[in-house]
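Below you'll find the structure, written out as structure tokens, and then a few comments.
The first chain written gets the first letter, and so on, giving A, B, C and D; residue counts start at 1 in each chain.
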Amino acid sequence: MKKLTNSVSRRTVLKVGGVSAMVLAAPGLSRAQAPTVKIGLLQPMTGGFAGDGDLARIGAEYAIKEINDAGGIKSLGGAKLELLIGDSRSNAEAGAQATEQLKADGAAIVVGGFASGISMTATQAAARYELPFIIDCAVSDALMTRNLKNVFRFNPSFSMAADVALKNLVTINDASGKAAKTVAIVHEDGLLGSGLAKLMQARLPALGFEVVEAISHPTPARDMSNVVLRLRSLQPDLIIPSHYFNEFVLFARTLQQQRVKPKGGIYALFGGAASSYRFVKEFPEAAEGVMDVNHWGDPKNPTNDKLMQAVQAAGKFYAYNAPINYSVVKVAAQALEFAKSAESGAIIEALQKNEFDSGVMPYGKSKFDATGQNVNALPLNTQVQGGQIKVIYPEQFAQAKPKFPANG
Amino acid sequence: MYSPTIIFEALMNGLMLGAVYALIALGLTLIYGVLHIVNFAHGALLTVAMYLVWLASDRFGLDPYVAILVVTPLMFAIGYCLQRFIIGPASRGSDNGILLATLGLSIVIQNLLLAGFNSDTRTIATDYAFEIVPLGPLLLSLPRVIGLGVSVVTAVLLWAILNRTDIGKAIRAVAKEKLGASLVGINVAHVYAMTFAIGTACLAIAGGLLMPSFYVSPTTGAAFVLVAFTIVVLGGMGSIPGALIGGLLIGVVEAISSLFLGDSLGQIGIFLIFILVLLVKPTGLFGARA
Amino acid sequence: MLKAHNLTKRFSGLLAVDDATIDVAEGSITGLIGPNGAGKTTLFAMIAGFLSPNAGTVTFQNEDITGEKPHLRARRGLARTFQIVQPFAGLDVRDNIAVGAFLHTKDPAEARRLATLTAEKVGLGHELDKLASGLTIAGRKRLELARALATKPKLLLLDEVLAGLNPSEIRDVLPIIRQIREEGVTILMIEHIMQAVMNLCDTVYVLSQGKMIASGEPRLVCTDTAVIEAYLGHGAAARIKAEGAAHA
Amino acid sequence: MKKNFEFIAALAFLGVVGIAAIAGLPGNILNLLIFMMIIALTAQGWNVLGGYGGLSSFGHAAFFGTGAYTTTILQTSFGINAWVGLVCGVILGAAVGAMIGFLSFRAGLKGSYFALITLAFAEVLRILANSWDFTGGAAGMMVSINNGFAYLQFSDRRWFLLILIGFVAGGLLLTRWLERSAFGAYLIALRENDQAAQALGVDIFKIKMQAITLSAAITALAGCLYVQNFLFIDANVAYGSWISIEALFAAIVGGAGTMLGPLIGSVLLLGLGEITKSFSGGIAGVDLVVFGIILILCVAFAPNGIRGFVADLWYRRKSRGKAM
């Protein structure tokens, strides 16, 4: 049984390899028909996260157009890139299915994944074919502990981001003369929120903060007024929230309504709405002063502005999905360039061995370690100031000074 | 641990939110009491109502509270048609058939909304959403206070409709004795549809009360409907005072338990109440004898 | 064989059966009659275990079964039919009867063989493969009977098996009931059709407004003043007697 | 006779699928088939209780999830063999079924009440699994990748599909036994009329308990196999309402209370879902709208599902043929 398995899969690999070898051999013969290499973009185009998928597609398409306009993949004879979109339908199972489909449709490499659960099953599906997969923004640490050699992560992991967030918080707080001493954590009871709460409770005390309470709530939440009531009674200097978009909006609005204004303001890590222009435009008052540590494009990179305009032209609100997917496609293209082949093994090797330009992300040179994690990935601190989301930290990317304490 | 003011305020919060829960449950329990069915499409219909309120505000600039006046007859018509032309004929009176037809309907509605509006959440920004009514040391949210008031008025109105009008009498007759009612010339299919319509119209009011401070997405209704089921079961399936008191009770329980236990565990509390009532006293607090 | 003594059942204040006693002798056909709403079916339900009495005892073959569940009584050999026929609509006639036969055998083939035999006994032999929902009223009544018989009862409780049948159908069913008794099954039947009661029963009990008002040989009971008044109203007995005297 | 024909036809269908898979099918088709078989098995479980017993559960996720979590936890936290995990998962799933059944049937719940309480139990389990540490909390759990028969994981998923086909065929066999046995007759009898069944000596509590336990065991098995394929589970996947709904959908659309219903339903629904998705041009939810409409249409025009509908047509044609 086993033997048959191996021989067949090897034959399949050979066949695929053969086809691509033929394609690669072709350019000399038929210049007019430029070969194409397919890049799969796995995103939730439907379901609960459809909005995120949409932004990601805009970013990815922008990158593809840029690359093709600049002459395609040069080491593959100017091969043009074609974007295949796989719809993960916002759930883990469909994510695996869509990855299979991308493979069947001939994707040489897949980027995306978006959420941790979806990325988990999708990368596993890709592993069956040793199909290279670069995760765009899923943060769960567990994703990179599986020894899947086809899987890479472009974005910072949760613990990397948490380190940065805590370090920056201390720096900002120190600069204000330690305005904030007590902290309340308000989090959704899912993967993101619970993980954050646990980590913050473990590490904040050592940094001189007192965690007065960690309040969890379900998603979707019907009501935040009782959570806010508790906060009013606790009077923390700083609130660290972690929710998805809807709950963040509900929370911020309820805070505003109940006149709860913690001195230090709101400091979010991967905040659901804090880095969303939609929130900022729809509820400017509730959003003002909110700080977030999140994936964010380098504001000093001119391409980032162009991306923002492209998003606005499509009638959407800008969020990190666009720049990060623009950049991850760029990385994939560079990997193809290095690999000089559209074959899985070569691409994986190229990803392991080289350094990459990070597109519009503030990662400097991206480099993947043995687990596949980009060691130079870095989240940015943002703050809503005057109805704009401004980068406030680290300094080399900062557009504005932090306003801290936000309500001081 | 908490100051009495905070606890009292949580209590008020619970009462005020519970009133809106009760309004949602009123429709559900009315439909159960007459048609003897659990309407699984109730949550989806609440979502429809909320979208209609949102549309009225977004497209025509209507205030959500004013929109209630427009959306209520609309929802009434939708409810009537659904029961008269889809659920009724499709289920042919079988209990299981109705259960499945309403389940199918809820899936259709929810996903039509998804296809039409995608999954973005919609909110209405109003000037008064953040207003508070200071009551001594308490800060009560204005939309919530309005919610409490309107819910109580609606419940009284519903009671008056059932007890003082011809259709109300027909509804009560059908609820008591379907065969007898049809023998004395009451059109049972019409009465069923009217009941469903009234129950659905209640959702329009609930939608209007929620929108100023809440959001709507295609799955929003689902978050409320399980609570509504609990209230209906707790109050006694089919009992209108039961739904009202059950709603207020659940609101208070939720508020107090989330104050002391956190919101996540508060949810389990609701389900446990639900399970316990079903197991121990399926007729609920005010239900008719089985 | 069956002793139901001093049974009382209250429904939220309403006294449906009030201290009623009934004895069924082994091998007999015993009738239970009474005007509509007298509580006959309630009494039946208590004997079969579907309702538990507020007071009184049910003894079957000298064992107290008052608190026992219906299915355990069925296993003792106490079977009942329902006034409103309740066929298992999704099953064909044979399988309907087999449900009863499974009480004594777990072998599907044997149960279906028994079911076929029972069906033939009640005259359903040619409709074995029909769905139960496709039977006529008379057919369903027979099915109801066959299903109960398939449990091999010692005592059969028949709740108006003749109601709703036309005279010729009744004529067909009467010998079947007699035949069942001849095979050693004791029968207690609720019946409205007096012709059948007079014809079949050894003993008759009369229930009126929850109370047992008379019992005895059918002929005697029918002339009992209390019985006539229960059916026809106060003073009716006297009128009938007077009329009878006038005719004589 | 006709039941035999159906049974053989179903086995033949499964055989053809198996042979086609061995001969070589693209990965996405293979994936779809695997998923169809998992849903078919889940629905076969639902069918025992909901179809034959007439007790519509809206919370079969409770069993699916328990099976899935049990095998996952045993494998990852205790290093227990996948097959042993599978057996334990099935047993624990059955136990949860028995517990829910004991509570609900003792209280005499049926119809809407039973539907609601099963839904509530599944939700409670979902919330608990989402917050407990030993279920991995909200992060969910992963089964590590280890290919081989002993691990019930295969680098070549055709073998996995074949195993699934085997289980689904086992489900068919079980259903066939059920239809002929005393247990099955009792189950249908209590569905149609529990009082009449009691009068015939049927211990309805016991039969219902047996039915929910068997039903839960089969669905738990499907949950275990689900994990072996996706290797990842979290509370929303395991205990989410989607699996309850899909189990119920497949069984009812295919034909509740029939041997072939669950298989027909799952193949049809998932197949149709794929087709709709490819035609809906990326608009979300269209496939589910179609599902919902099919359910309503089935309730209205084919109360015995596709299987019943086709059988009716078949016999009507046959009897017309006879008349001529």
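Please note the rule applied: a contact is a pair of C-beta atoms (placed from the backbone, for glycine too) under 8 Å apart; a residue touches a chain by one contact, two chains touch by 3 or more.
Everything quoted here is computed from the prediction, not taken from an experiment.
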item: Highest C-beta pair count, chain pair; value: B-D
item: Intercentroid distance (Cα basis), chain C paired with chain B, Å; value: 48
item: Distance between chain centroids, defined by C-alpha means - chain A, chain C (Å); value: 76
item: Separation of chain C from chain D, taking each centre as the mean of its C-alpha atoms, in whole Å; value: 43
item: Inter-centroid spacing, chain D versus chain A (mean Cα positions, whole Å); value: 36
item: Multi-partner residues of chain A (each touching 2 or more other chains); value: 46-47, 50, 189, 218
item: Chain C: positions in contact with at least two other chains; value: none
item: Multi-partner residues of chain D (at least 2 other chains); value: 127, 131, 283-285
item: Set of all touching chain pairs, with the criterion as stated earlier; value: A-B, A-D, B-D, C-D
item: Contact set on chain A toward chain D in their complex; value: 1-2, 4-6, 8-9, 45-47, 50, 87, 89, 91-93, 96-97, 100-101, 103-104, 116-117, 120-121, 124-125, 127-129, 140, 142, 146, 148, 189-195, 218
item: In the complex with chain B, residue positions of chain A that touch it; value: 46-51, 90, 189, 215-218, 220-223, 225-227, 229-230, 232-233, 245-246, 249-250, 253, 256-259, 282-283
item: Chain A contact footprint on chain B (complex, rising order); value: 2-3, 6, 9-10, 13-14, 17, 114, 118-121, 123, 125, 129-130, 132, 139, 141, 144, 213-215, 217, 219-220, 223-224, 227, 254-255, 258-259, 262-264, 267
item: Chain B - residues contacting chain D, complex; value: 37-38, 86, 89-92, 94-97, 99-101, 103-108, 110-115, 118-119, 218, 226, 229, 233, 264-265, 267-268, 271-272, 274-275, 278-280, 282
item: Residue ranges of chain D touching chain C (in the complex, touch as defined); value: 180-182, 185-186, 188-189, 191-193, 195-204, 257
